[in-house]
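Both of the next two complexes hold subunit A, though its partner changes from subunit B to subunit C.
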Partner chain A sequence: MKVLSKDKVTALLDKIAQQAAVFVPMANENGSGFYPWNDEHKTRPLLLNALNVYTSPKYVLFPQTERMYDLKQQGQDLSIGQTHEDGSKRVIFGVRACDARAIRCLDDVFLTRGFVDSFYQARRDNVTLIGNACYAPGVNCFCEAMGVAMTEPETDIILRDAGDEGYIWEVKTEPGEKLTQAVAEFLSDKELKAPEAKAFQTQVDYAGVAEKLKGMFDDPIWERMSQPCVNCGACTYICPSCHCFDIQVKMWGDQGYRFRCWDSCMYAEYTAEAGGGNPRPTGVERFRNRFLHKLQFFNERYGYALCTGCGRCTIVCPTGVRITDIIKEIKEVDSSVEL
Partner chain B sequence: MSNCNCEQPLVPHIVEVINIVEETPDVKSFYVRNVGGGLPYQVMPGQCSMLSLPVGEGMFSCTWQEGQEYQQYAIKRVGLLTEELHRIEVGQKLGLRGPYGNGFPVEASKGKDMLFIAGGIGLAPLRSFIKYCFKNRADYGKITIIYGSRSYNDLCFKNELFEEWPKEPDTEVYITIDNPEEAWNGHVGFVPAYVEELAPDPAGKVSVTCGPPIMIKFALQSLQKLGFKDEQIITTLEMRMKCGIGKCGRCNIGSQYICLDGPVFDLTQLKQLPQEW
Partner chain C sequence: MKAISDKIKSIAAGLFDAGKIDVFIGWEENHPDYAIRPYIARSKADLEHMAFNQYAIHNSSTYLLKLRDGQERIGIVVKGCDSRGIVRLLEDRQIQRERLYIIGVCCPGMKDPLLAIKAQSGLVDVKEEELAVKCQNCLVPNPVIYDELIGEKQPPHMSGERFAKVKAIENMSYDERYQFFEKEFAKCIRCYACRQACIACDCRTCIYDEMRPQWVGRETSTSDNMMYHLVKALHMAGRCIECGECERICPVDIPLMLINNKLAKDANHFFGPYEAGMSYVEGQKPALSVYREDDPDDFI
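Our next item is the complex of A and B:
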């Protein structure tokens, strides 16, 4: 098998960085995230043995703000200038299984069901994902309950940390093979054993929840569970699979550009209509929609949950809302009682 | 078949406004075509387009597409973008992308009697289907139109309502306004109540309803009371939209996106969805 010894990691990243922008989990001043492996950032501590870092690599494929096309207005004239699909080569190194699953969610949203989003596609077609298998889930991790195999990230290459001896380098796809050939000089042939997977510390039982929720839209549980939520939207911005966006414009005089940016279903404005109506007028409806989208609606549309069990929303929530508790409460509702 | 920018569905192409008709004090119809002429793309009745000025984009139901020449959009002045649209003049260029949504079941309704129920600007989407029926008159049975708005002034497409449509063969047009007015000799009252009063026979009919959400809710109840079956009750919904292609998230009702899976649903489908519209 192919092995990447740990003392060769930075040299390998340097090599890949000659041909592509490489995004690597690193520490920052107040947390951690995926940073480009370049002169500005590569002095940061690498975090390949941390579990999922504080911010996910979602932004590499779906930037928080993405310029779409330029606009020009002159009197009654209006013209569309350049469009900004960005198909430059990128590699994301060290993707955990939860974040890889989140990318699959984005793929289904942006690339299937009638329309292909050209901005997402340009990035997606030109990114190679190098996964980092998990063997010791963290205290907030529950990916397995959401149907994600922590040791099998859905990526082009999987790294398996076999301790001091290095990483097992497992090629899974054609693009993975191509990248492997380009960095062959850093890989050696050796037989290593992947570590034993440890048990999850957080027990979550999602089985049957999507189906059960179909009958719980009007359940009083939402009123109660949404009480602590202050609709800050932090969970939606930190979430690796939240894909909702707004389209806005920036104009200086008669020119500018249309861009999209992450939006949040937690905000009243998200569904506020020009005529004054709002189908989700209070925090209760917005909270309910967010969790139903994660646990039921996406499942009905695409066949699996929009929550990947990464645990980030639990960490950032200022009021202690835990999606794991919500799943538990849903399970505990006596659905035999007619509402 | 069209200029749908399917390769870049979020990027509009530029069209020009060739006519603007003031329908009511706050509704104008905009006639748009490709710059220099030609239909931007084929829109079926009930389908929508994203129209844009630099200030923003908005989803509007195409109220009619005449032959191969231009599309019409009847737009009520309610917000930032529509305020701007109401200020533009003929010759203005707009961004346009589409067509979006499933549209009305024009094929499945063939051979049926048609009952159209509309309130206020809700006539705009239905008009595309009504005019489609007139254009293909032999394909449809009797046509009944029940339409109401707050006041006489707020009735859209008055010439068609009072002059053209009543003259069409086998067609009845019933008009009501919410409150009495001195010069008004017609019916006064809300649309759903008028529907119940007129009590159209459900046999062989398809009903299509559009209006403010509250009117739709009551009209659907009235139709059920009159004995219309769920699959005979069709409506078109709207919510705030940004992308129009089922990606940006906000226009969902349950797992369905109004922009993509709708905007047209029958009551069988609506009953499967959460009551959040």
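Our next item is the complex of A and C:
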């Protein structure tokens, strides 16, 4: 098998960075995230051994603010200038299984079911994913319950940390093979054993929840569970799979551009209608929508949950809302009672 | 803490029994203990899981906003900072005093549940502290408005000079200051957690949600981010009650209280002596909500 020894990691990243922008898990002043491996950032501590990073790699494929096209107004006419689809080569290095699954969610949303988002596609077609298999889940991790195999990230290459001897380098796809050939000089042939996977510390039972939720739209449980929520968008912006966006315009005089930016179902403005109405008038409806989307609607459309069990929303929530508690409470509701 | 928790429960039960309240705002226990969360009990039976512990740091007065349009009579537990939030709402005419039965808790200082969860998350390299940052510089641990008080009065927890950090910024040059804030605001992801957790942000339609016209752009760019924080700061002048929730909950650690402390310092300097939300007198208004001909204007 192919092995990447640990002392060659930075040299390998340097090599890949000659041909593509490489995004790597690193620490920052207050947290951690995926940063470009370049002169500005590569002095930051590398975090390949950390459980995961605070900010997911979602933004590499789906930036928080993305310019779409330039426009110019001439009298009554509007002319469209340059479009900004970005098909430059990118590699994301060290993606955990939960975040890789989240990218699959984005792929399904932006590329399937009869509509292709060309801005997302330009980025996605040019991204190679290098996964980092998990063997020791953290206290807030529950990916397994959401159908994610922590040791098998859905990526082009999988790294398996075999300790001091290095990473097992497992090629999974054609683009992965291509990248492997380009960095062959850093890989050696050796037989290593992948570590034993440890048990999950948090037990979550998602089985049957998506089906059960179909009958729970008007359940009083939403009012109760949404009580602590203050409807900020922290959970939606830290979530690796939340993908709602708004499209807006910025103009200076007769020139400007159209851009998209992340939006959040937690905001009243998200569902505000031109006529002044709002189908989700209070925090209760917004809260319900978020969890139904995560646990039911997405499942109905794509066959799996939109929550990947990474635990970030639990870590970031200012008021102690925990999706694992919500799944548990949904399970406990007596659905035989007529509402 | 257990004694305080039991006392709150028994007072709340008594209020429900006597028919004096329809709802009760406090906290609900959860596992682990730092997952304690704000809770609105609607009956005596709902009090079963009501609790109070060293992680009950959230500003409980914020939850009055969820009930402001109703008629319910509300029982509520407040710490010192939360009680100033109630003064904010009363002055802003968002809730009527007659609707409230306020149980004040003399606060020994809280621990930060966000720091607790982050410390063991494996995602961020932080350690839990004995006292939450926002409690390390607390002028008002004892409630300023209440119907019933629990616990021994606590001394303020000041770990240094109150405006030391503000003065350090004031001593910078214009360029240094600009660079400092430009760097901090560049981190902002515009999740609006600071707005949502803020008791002084009690507008029904926030300026950032206005679309026609759209006053502040939605890009995460230096100019839009700065505009967001600038507008928010101006709305806080003379109104922020310094509960510190915005800074505590900011997911990207922007030092928001630096701005709010500066505003408190200036409101006092120009219009004082003034300290927001320290007591409630019928008809009282925040410093910048009243106009006097002798107000200073040389800074404009």
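FYI, the second predicted complex is superposed on the first by the 339 of 339 C-alpha atoms of A that agree within 3 Å, B and C clash if a C-alpha of one lies under 4 Å from a C-alpha of the other, contacts with A are read in each partner's own complex, and residues count from 1 in each chain.
As a working rule, contacts are C-beta pairs under 8 Å (C-beta built on N, C-alpha and C of every residue); 3 or more make two chains touch, one makes a residue touch a chain.
In this text the structure is predicted, and so the values were computed from the model without any measurement.
K.L.:
For A:50, is the partner it touches subunit B (first), subunit C (second), both, or none of the two (neither)?
P.N.:
Only subunit C; A:50 stays clear of subunit B.
K.L.:
Is A:78 touching the first partner subunit B, the second partner subunit C, both, or neither of them?
P.N.:
So A:78 only meets subunit B here.
K.L.:
Based on the superposed arrangement, let me know which partner A:246 touches: subunit B (first), subunit C (second), both, or neither?
P.N.:
both
K.L.:
Based on the superposed arrangement, let me know which partner A:320 touches: subunit B (first), subunit C (second), both, or neither?
P.N.:
Once the two structures are laid over each other on A, A:320 reaches subunit C alone.
K.L.:
After lining up the shared chain so the two structures overlap, which partner does A:126 touch, if you call subunit B first and subunit C second: first, second, both or neither?
P.N.:
It touches nothing on subunit B or subunit C.
K.L.:
Have a look at where A:232 lands relative to subunit B and subunit C in the superposition and call it first, second, both or neither.
P.N.:
Touch partner of A:232: subunit C, not subunit B.
K.L.:
Counting only touches as set out at the top, which of subunit B and subunit C does A:27 meet: first, second, both, neither?
P.N.:
It touches subunit C, and subunit B stays clear.
K.L.:
Which partner does A:272 reach: the first (subunit B), the second (subunit C), both, or neither?
P.N.:
Both partners, subunit B and subunit C.
K.L.:
Can you pull the subunit A residues that subunit B and subunit C both touch?
P.N.:
246, 272
K.L.:
Contact residues on subunit C for subunit A in the complex?
P.N.:
28, 30, 34-40, 58, 62-63, 66, 113-114, 117-118, 120-125, 189-193, 195-197, 209, 211, 214, 217-221, 245, 248-249, 251-253
K.L.:
Taking the touch rule as given, give the residues of subunit A at its contact with subunit C in the complex, in rising order.
P.N.:
27, 29-32, 50-54, 64-65, 138-140, 227-228, 230-234, 236-238, 246, 248, 250, 259, 261, 264, 267-269, 272, 283, 311-312, 314-316, 318-322, 325
K.L.:
Help me check something: in the complex, which residues belonging to subunit A touch subunit B?
P.N.:
Interface residues on subunit A, with respect to subunit B: 68-69, 71, 73, 76-80, 83, 85, 109-110, 113-119, 217-218, 243-247, 249, 251, 256, 258, 260, 263, 265, 270-277, 279-280, 285, 289, 292-293, 296-298, 300-301.
K.L.:
Using the touch definition up top, name the residues of subunit B that touch subunit A in the complex.
P.N.:
Against subunit A, the touching part of subunit B is residues 6-14, 53-58, 76, 78-82, 88-89, 91-95, 213, 238-240, 242-243, 245-250, 252-255, 260, 274-277.
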